[in-house]
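Chain nomenclature is as follows: A, B, C and D, assigned in order of appearance, with residue numbering initiated at 1 for each chain independently.
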Amino acid sequence: MSKVMELREALRRFLKDGSVLCLGGISICRRPMAATYEIIRMGFRDLHLIDIAPGMPQILLALAGSASITEACWHGYELFGHPYMWRNLVERGPGETGYRFDDLSHYELSLRFVAGWLGVPFIPTYTARGSDLYNPEYDNLRDLRGVRRKVPRKKFAVMEDPFYGRGSVRLLPAANPDVTIIHAQMAAPDGTTRIYGAHFDDFVHAAAADHVIVTCEQVVSRESIAKDPEMNLIPSVYVDAVCEVPYGAHPGPCLGHYDYDPWFLCDLVERTREGEKDPGRFREWLEEWVLGVRDHEEYLEKLGVRRLLAIRADPTLGYAPNLPRRLDRLPPPP
Amino acid sequence: MREKEYAGDYTPMEMMVVQASRLIRNGDVVFVGTGLPMIASMLAINLHAPRAILCCEAGFWDSRFIHLPMTVGDSRWYIGSTWLVGQSAMFSLLQRRRIDVGFLGGSQVDKYGNLNSTGIGTRVEGGYYVFQKRFEGSGGAADIASMANRTIIMMKHERRRFVERVDYLTSPGWYVWLHDFDEGRGRTRLVPRWELGMWGGPEAVVSTMGVMGFDEKTKEMYVKSYYADLGITLEEIRRNTGFEIKTEGAEPAEPPTQEELRLLREKIDPEGIFLQY
Amino acid sequence: MSKVMELREALRRFLKDGSVLCLGGISICRRPMAATYEIIRMGFRDLHLIDIAPGMPQILLALAGSASITEACWHGYELFGHPYMWRNLVERGPGETGYRFDDLSHYELSLRFVAGWLGVPFIPTYTARGSDLYNPEYDNLRDLRGVRRKVPRKKFAVMEDPFYGRGSVRLLPAANPDVTIIHAQMAAPDGTTRIYGAHFDDFVHAAAADHVIVTCEQVVSRESIAKDPEMNLIPSVYVDAVCEVPYGAHPGPCLGHYDYDPWFLCDLVERTREGEKDPGRFREWLEEWVLGVRDHEEYLEKLGVRRLLAIRADPTLGYAPNLPRRLDRLPPPP
Amino acid sequence: MREKEYAGDYTPMEMMVVQASRLIRNGDVVFVGTGLPMIASMLAINLHAPRAILCCEAGFWDSRFIHLPMTVGDSRWYIGSTWLVGQSAMFSLLQRRRIDVGFLGGSQVDKYGNLNSTGIGTRVEGGYYVFQKRFEGSGGAADIASMANRTIIMMKHERRRFVERVDYLTSPGWYVWLHDFDEGRGRTRLVPRWELGMWGGPEAVVSTMGVMGFDEKTKEMYVKSYYADLGITLEEIRRNTGFEIKTEGAEPAEPPTQEELRLLREKIDPEGIFLQY
């Protein structure tokens, strides 16, 4: 049974207003960006994002008003700039904006997904002891606990190790997103997904979710993906939808296919920087690249072939070795 | 062995990288992000620590990249990596005490090496915690700070950054304020990290003005060396530090060698992506 | 720094009498058999075995008197026969034999190693509820708990889920073997290990251990193993010793290299079957194939080239398609 | 559709395999070991359940082997597999309720489908539990029995195997004796599995004499069909069952079709490795 479908159809089937959503990739790399744009376009609301090292997509979903809760450890673009506007949103506070952000550490989130993958309600850890991440006064989901679906009753619990006498240990609640969206280099119609290069925590994110949408550069046959099965990361059983979306991680890189689009990234970050004073500057960007664009194909047309050629990967290296990388003196876009 | 030849013309950033790289020992497993720590580690691998292993939170292990990655998930890390691993597995190496050195940064540091990379002006308002100024957040910093066998802090030396007490304790140093969970009274008492069962701890702070260590007994920050060659004085360090800092015994820092600078400029970051020539 | 060394040297350095030992592979497949023989030859005593689906090596270590404790879920040879003699050993009981066997389920053991890998003291689970595996009267390590190194104070604990109200859950103690030994197709001198085909739980077994010895068919260069790093299972950091031991999993199969040796397996099982009446029959076998053989090279010489050729794998299939497999009418060995 | 043609000459083992295979639905994820369950699953995939997925505890996923594996870790599983996964990950699919069917066997079964594959004559002696006769052990059976969405039991129909109460409860069926951990009093009370928060449960027992189901209300085993064609009578089943078993409504089992037998003998197990022609 083929799970291949249009991205919009996949989102319509599996995502809902209020869903707990996890997006694969890390910071600005191999992120399901086409899916992110489509989520904004389709007008989903009140999404509850949970991600390990969020970047671009989570910031966009917050700024576009699609998300009302984020549990995460970080928000940014690394070398490409600060999370402008998003930081203002957090500074204004949930009381004013209705947008809640709750801080955890990277490993805490990782472990919460591991517990979700294994199907257990919690997992112990020694990490982040002494950090304000465990400050009981700092819990921005406090009033949703035991109330909102999939928000655990407590942020953490403490207990003594009954087995080895290693002292007190924290318990973290499992994370089981309603939907996880991953962008991969290839997938088969049955959902089997192969990722080249670092897979970040995409396996765990998929395995912990109730539903998984895979967008991929190319759909390939079951026969070809069954060669070297050691290379396959996510098995068919976890995957509900496979959507062929070339350049689906643009403007971030996708190993073996394309590199960063530094022009696009710098423009996006600059617009949000300006947007801190004049929110209209970001609304224009959103209109130009997301809301005013019919679908991902039109987005790619708008980018143009020359841009896509400028970022294409060297097949022996997996990235574009001649990409202009001095962001302070970027040449004009091709 | 021929005598070291020191370079005459270098930037404070290059000095920081060189000082940090000298703290890496041969064979260390080094957990880095991108930026200066990555460059410092590469310099060490190219010089005195060829057996050091670089890993990053995105899951690349022992990369031998030939172009400098710009982000933790950069495809450039792939070249020469011998393992690609999920982040949960990578961070579990920390919990198993298999990471020798972790690098940290932040917007605030206090005398015990506690770091804040979350936000300043932290307060609880209407049941929520908010910040006057919000930063990127912990990422893996709290994990590294609590579970690497030693950590090296790199940051800009300014009075507003070297503070008496961090506004938000993202990453634990040598002494932290205890959370009293049972009574829900928040932080009540300053306790040493080992009393919480924690290993590791900050070894040094490499700033734009000098290299700081932590007193073996009091665990308070002190100046070990200062960038005299770049015109920095101990008085200037004291003036730019928001808490009392001991400077007795501090020595002028050993400047970069020509070999170190050549490697940085010609081999490691020839594009000037992080060192911004 | 190269970690390549002789197998005997690796065992001498990392294994001790009384060590907690885990052996990679599953049932009779890709087991570190050469290492098992060498352990018996070197006369290690009082080993505490902990393995998920043990077979041949654990039975041999028990019968040869090298192991005094086994925590496991199963013991056998699958189609090749029953665990003769071992079952007698268990039936006689620890009081008489000094050999303790404690039963867990496969997944319980898996999860204990997962906890060991993650570095946490325990892990919760819903498995095996209602099973006698959780019968508090059936705990054959009871008097060692809190006494013997690495035997947890309790076999399990019970608690309520504090996060999602999913009721009671069992906690299982982490397993951290002193030594794990894996047999792989290839490894680099720095310890990076690649396994083709199913890796069973070898990663978790290695990652949970304090020390890891990898025996492999071939040692390859770091440069060659760094190509397609997606294929590498165990990173250098976990591995202490790399030993080149061709045919190191004989008489079990090793994908891509060789298949079962059905003659050897049937003979071994038959000797233990006869050994239930006349233990001398098994002692003869042990003398002939283990104790009376200097090392693995002599073992291979004794097997002979024709035997090795008869079991070699078809390079396109990974196994020997023409291997005689009707065990009830096996032709004479080549 | 042409009418089914039934085969006239077949073994009880072939009959078991055919009966079991008919219980597999299209799209099922089936957790198997080797042996008859694997053969039954392959037969289903070749006939009415082409979308069923076979997985085994060694970590092979959706294999399309062309020669029959002899063990769970057999290299033959590799061909056509789309995923190779650690056992901890494979079994976690059970805990996440992603396994539709699991196959079980054992040396003893009771009327609630509790199974014993550990040992008989179980007793505590000098502080240790010992057995009069020890078997291979649970393997993954306790995990499958407790967490697959449904299970199918295959075993030899003998009075000493179909018992009133299993000597050791390896794999839980519909009702189990509760362990009272707190008071350490062992098994005290028979409770339904759902009271322990368990899902799933045994759907059928395919024996050498017939196919048994479990009463929807009482959860007690009853005879659904018997191998009349092989000369088995209901009286014989009752005689070979160590507890009272209902036989009302039992029907003669539908024999193997020629197509089923052809597939078994020519395609699936042509070497007769498990079916031992």
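Convention: a contact is a pair of C-beta atoms (placed from the backbone, for glycine too) under 8 Å apart; a residue touches a chain by one contact, two chains touch by 3 or more.
From a predicted model like this one, the values you see are computed outputs, not experimental measurements.
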Minimum number of chain-to-chain contact steps, chain B to chain D: 2
Between A-B and A-D, the pair with more C-beta contacts: A-B
Distance from the mean Cα position of chain C to that of chain A, given in whole angstrom: 40
Rounded Å distance between chain A and chain B, as computed from the means of their C-alpha atoms: 27
Per-residue overlap in chain B, given as positions that touch at least 2 other chains: 78, 81, 84-85, 88, 92, 95
Junction residues of chain A, two or more chains touched: 111, 114, 118-120, 125-126, 166, 197, 230
Overall pattern in which the protein chains touch one another (line/ring/star/complete/other): other
Chain-to-chain touches, reported pairwise for every pair that qualifies: A-B, A-C, A-D, B-C, C-D
Chain D residues touching chain A - in the complex, by the definition given at the top: 27, 29, 51, 53, 61-62, 64, 78, 80-85, 88-89, 92-93, 95-98
Sites on chain C touched by chain A in the complex: 111, 114, 118-126, 152-154, 157, 159, 161-166, 169, 171, 173-174, 196-197, 228, 230-231
Residues of chain D touching chain C in the complex: 34-35, 57-60, 67, 70-79, 81, 84-88, 91-92, 94-95, 118-119, 122, 124-143, 145-147, 168-172, 176-179, 181, 184, 186-187, 193, 196-198, 271-274, 276
Chain A - residues contacting chain B, complex: 25-30, 52-53, 72-76, 78-80, 82-83, 87-88, 90-95, 100, 103-108, 110-111, 113-114, 125-140, 142-143, 158, 166-168, 197-204, 252-253, 255-256, 259-260, 313, 317-319, 321, 325-326, 328
Residues of chain A touching chain D in the complex: 1, 117-120, 188, 190, 192, 207, 222, 225-226, 229-230, 232, 234-238
